[in-house]
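All chains are identified by letter, namely A, B and C, in their written order; residue positions are counted from 1 within each chain.
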Amino acid sequence: MSKGRVNLKGIYKRFGNFVALKHIDLDIKPVEFFALLGPSGSGKTTTLRMLAGLEPPDEGVFAVDGEDVTYAPPGKRDIAMVFQNYALYPHMTVRDNIAFPLKMDKVPAAEIEPAVVRAAERVHIEHLLHRRPGQLSGGQQQRCALARAIVRQPKLFLLDEPLSNLDAQLRLQTRVELKKLQRSLNVTSIYVTHDQEEAMTLADRMAVFLDGEILQVGTPDEVFNRPRTIAVASFIGSPPMNLLPAKLDGRRLVVDGHVTELPFAPDHPGGDVTMGIRPSHVRIDPDGLPTRLYLSENLGESVLLNLYLGEYLVKVRVASFASAGDDETVPISFEPDAIHLFDTTSGLRIRTAQD
Amino acid sequence: MSHKPNSSGRARSGLVTRRDILKTTLAGATSLAAPGLMIGRAHAAGEYMDLASFQGAGINWRMAEGEKITIAVIPAGYFNNLETVLPDFVTLTGVEARLEMIPPGQIRQKAVLDLSSKTGTYASHAADPMYYELYVANGWIDPLDDYLGDDKLTDAAWFDYEDIQPGHRGATSVDGRPYGIPYDGEATIQIYRKDVYDAKGIAPAETLDEYRANAEAVHDPDNRLWGCALRGFRGAGQNMYIYPSIFRSFGGEWFDGERVVVDSPEALAALEYYVSLLNAYAPAGVENWNWPDIADAFSQGTLGSYIDAHGSAAVVANPEKSKVVGNIGFARWPKGPSGKRVTSIWNWSFPINGALSEKQKQATWLFAQWAGSKEVQVATTYNYPGAYKRTGANRASLWKDAKFLELMSGFGHNYVEAATESFANDTDPDWRPRLPQWPAVGDTMATAIQSALVGQATPAAALKDAQEKIDKILKG
Amino acid sequence: MSLHRRAATRRKVVLMAVAAALLLVWVFPLIWAVIVSFKSESDVLAYPPTVFFEPIGRNYEDALFGDFSILDSLATSAIVSVSTTVLTIVLAVPAAYAFARLKLPAKKSIGFYTLATQMVPPVGLVIPYFLILNKVSMLDTYTGMIIVYLTFSLPFAIWLMVSYMEDIPFEMEEAAFLDKATRWQTLWHIIIPQVRGGIAVTVIFVFLNAWNEFLFAVQLGGNTVRPVTVAMYNFVSVEQTLWAKLSAAALIAMLPVVIIGIAAQKQIVKGLTIGAVKGGGRR
């Protein structure tokens, strides 16, 4: 099945003086589960609404399967969408909500009911068809919205933070079901979220948005393990990686006087760089850099230490930690293999052995 | 708004409207004077009158055949009667005339709107005599001497304009030229409880002082009998209906040259009389009473006397509503300090809208002439087949007609004499100040009189204030 | 605790008493009219008021079929009021939708105009309307009267409906658009069902205003268009007021309003509560 290829080229969107999207290019492959990840105001939702036809771009081209639909009205795009607040029709039963797109699409009446039941079954709400949205729980409403989106076979399936209104436990459970549902649907799906964990677990690929620009497009693995810029690095990961100023001299990386010998030769002339290291790749090392313990947080499976290296906060994840009290001195060192390097001036990643 | 009394006690279904003509019959009505008669559809020519008596006039009644005219009137028994006999006019002239009933509070405004915009919607309307100055100043209506004097349009001998009550003719003329044909009018008279007066050994008042003394003599509020009542409600046609008579009988003059004077010593004396009389002997709340409230109170036996239009006799002498039938006496207005008795010259008359075509004007003139004629007056009074007989006949000759007088004498002691003498002697064309700005002047005076009555202002202060306002109105 | 409850009970009793007193003041004229409508004219004026009397249906008979039958006028009132109401709703609903949703260039000034028409005292408009209707020969015509009523009811209805429509989240329509509904289909299937309560309220207000209107009816109407408010004056002649028949006629004229009120009550309650359910029908 090769339907549902999405191309965005040079998209700009302005709201008055505010530039919401700055030159967005995207290629989304058929059947891909693609996440748009970014903090609020980064442009991800605007991009989604543009795909839906609810917010035309000021510049650029949007094509589905090679067909330019940049300015096509929403109804002509054959797109289904799940809204953040579901946008269920409160005066209709669940059955009528799910049937509505089919009715509007002039599907013969005889075909509607079986299709509605099938869609409801896929999201396990077939027993709620006679209810109205007001009589459903949040999770059931969400499923109803999903059923309404999948009842016909759209070219594109858009989801705007569909899990954000659910409580934490339900969110984890629904996440799994959503992933399975998407796989079985065989429809290109574009998913907006500010929750990187959701993006990482659900998406085949993702685009990281910040200030109206795409910083990086890649698989979750690529984005997590090879962040393209300092900005991505500082956003991805929970908590994100530590970023510290360092001096590079060949393979010698000096952080606050402490030397780490790199196991690879960076593609960089040397000098001031930014070193990135994830909290779990920092070790407590008696020979390491002395830091001052600010706070230790027990996360159950691990302990997260907040340490001050001079003025820089360093987060360190360790399996266990016996604290002697705040302000204790904790010496640390970095796993050389796990070090990321960024050009301080351009913010771009410096190629390393892992790449 | 001049609420003009003139009804015979309107017995239930004792009224005849245009709907009767179209629809139903008048059944089993009882009245003070005659049992109800059956009225069927208007199918025959001259159903109510002998058309020959009209055709005897030396004019061509069919000169405006085919014209359509609408005449605005108010809901009132005397116009209902006219509407009932209107088919005879249609038969006689071939003019399609119809009456439109407009609530009394709106008819003046609607007429002014129609006249001022030259719409010609209403060929004629039931006109308030106090509005003629305004109409004439604007040239909205035609002077009727042209019509009266044209022997193609009017047979002077047959119509006999001079027979119409002089007070009414005067009230519908401006600077000596007639502008409206009076249809129904009234005189103001004393109405008193003869049984009560007789028991006290007092006679109806000859003077205003006696009127006060009589009120005091019978005043017994503990037994629900109050001395007297006069219209107290604010309005050009309410308290400014009764006050002008008092004012004039105190010797008051409305005009000092061009200027309208309302705060003269005579005015002050008149207002003080009115205020002190009502405060002493009238029931509480009289400041909100218009004439029907007074007549209702009298008919329930709670008033010793009142002064109002002669037509109100029909209500207080209606056995269906009144408990004092047989105990009612009538007398002329008491004399004021000037020695004058002053009755209102209130009447409803028909002018001709100046915005009409010549043919329509002819049709309208035929209507006005017809409605004011002796024949129609008879047909709508004592010859009227329904229960309600008009009392406001416009013609002096009718007030000498035995059949009419027989009907009128049924209302009570001395009724015919009081009314006839009032019409003959007590009418005063300058009863109220005649000027185009009357609507505003009348309202200003009405407000002043009521504020004095309820004690918001002394009579002197109220009149001084009214004088200032009126000066402004007339200057503007 | 029990002291607290007793105080609360006492407060409730006082509140109920006040409410009952207010209700009585409000409802007294109505009760009076009902009683009077079954009395004979002479009983109406009797003092002390007759408490026991033989009720008669004669006044109703007279009001409907007597000399001053208000039947024709009731029909006139019905034609004018129903036409005005239907036209108002048909025009105001799409217009209000446009106001609530579309980016109209003159939206603000149109909105102000809409409110401004409600601020002009009607008396000031009688004469202009009279002159205009006269020019186009529409005095005393149903068309003319309905158009005049529309000039009042339409801005008011739009203004009222806009507030109901603005309560509906944008997403609801966007969802409908994505579900391939056109604008009209969205209005019909999604918006209108959700503002049913608002429509019911509007219907009541517009119908009531048209049904009870007097000033324009008396000035711009005539023998052809003579609604019941004007015809009722036949019982208030200059000579006397026929209280019993007037009350009967007034109560008859009230009937359609009461019926519509009851019929629409359910919708109104819905209309008053639906505004509280924002955000896609979560409750």
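Assume a residue touches a chain if its C-beta (ideal position, glycine included) is under 8 Å from a C-beta of that chain, and two chains touch if they have at least 3 such contacts.
What you see is a predicted model, and the numbers here were worked out from it, not measured in a lab.
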Contact graph of the chains (line, ring, star, complete, other): line
Centroid check, CA-based, most central chain -> C
Whole-Å distance, C-alpha centre of subunit A to that of subunit B, is 92
Between the Cα centroids of subunit B and subunit C the separation in whole angstrom comes to 38
For the pair subunit A and subunit C, the C-alpha centroid-to-centroid distance in angstrom is 55
Residues in subunit C with touches to at least two other chains are numbered none
Counting only contacts in the complex, subunit C reaches subunit B at residues 40-42, 45-47, 58, 62, 65-69, 126-127, 130-131, 134, 139-140, 218-219, 222-223, 230, 233-242, 245
Seen from subunit B, its contact residues with subunit C in the complex are 2-7, 10, 12-13, 15-17, 19-20, 23-24, 26, 70, 74-77, 80, 98, 100-104, 106, 109-110, 113, 117, 119, 121, 224, 292, 295-296, 299-300, 302, 311, 314-315, 320-321
Note: in the complex, subunit C contacts subunit A through residues 169, 171-172, 174-182, 185, 189-190, 193-194, 196, 274, 277, 279-283
Contacts from subunit A onto subunit C in the complex sit at residues 52-54, 73-75, 77, 79-81, 83-92, 100-101, 104-105, 132-135, 138, 141, 148
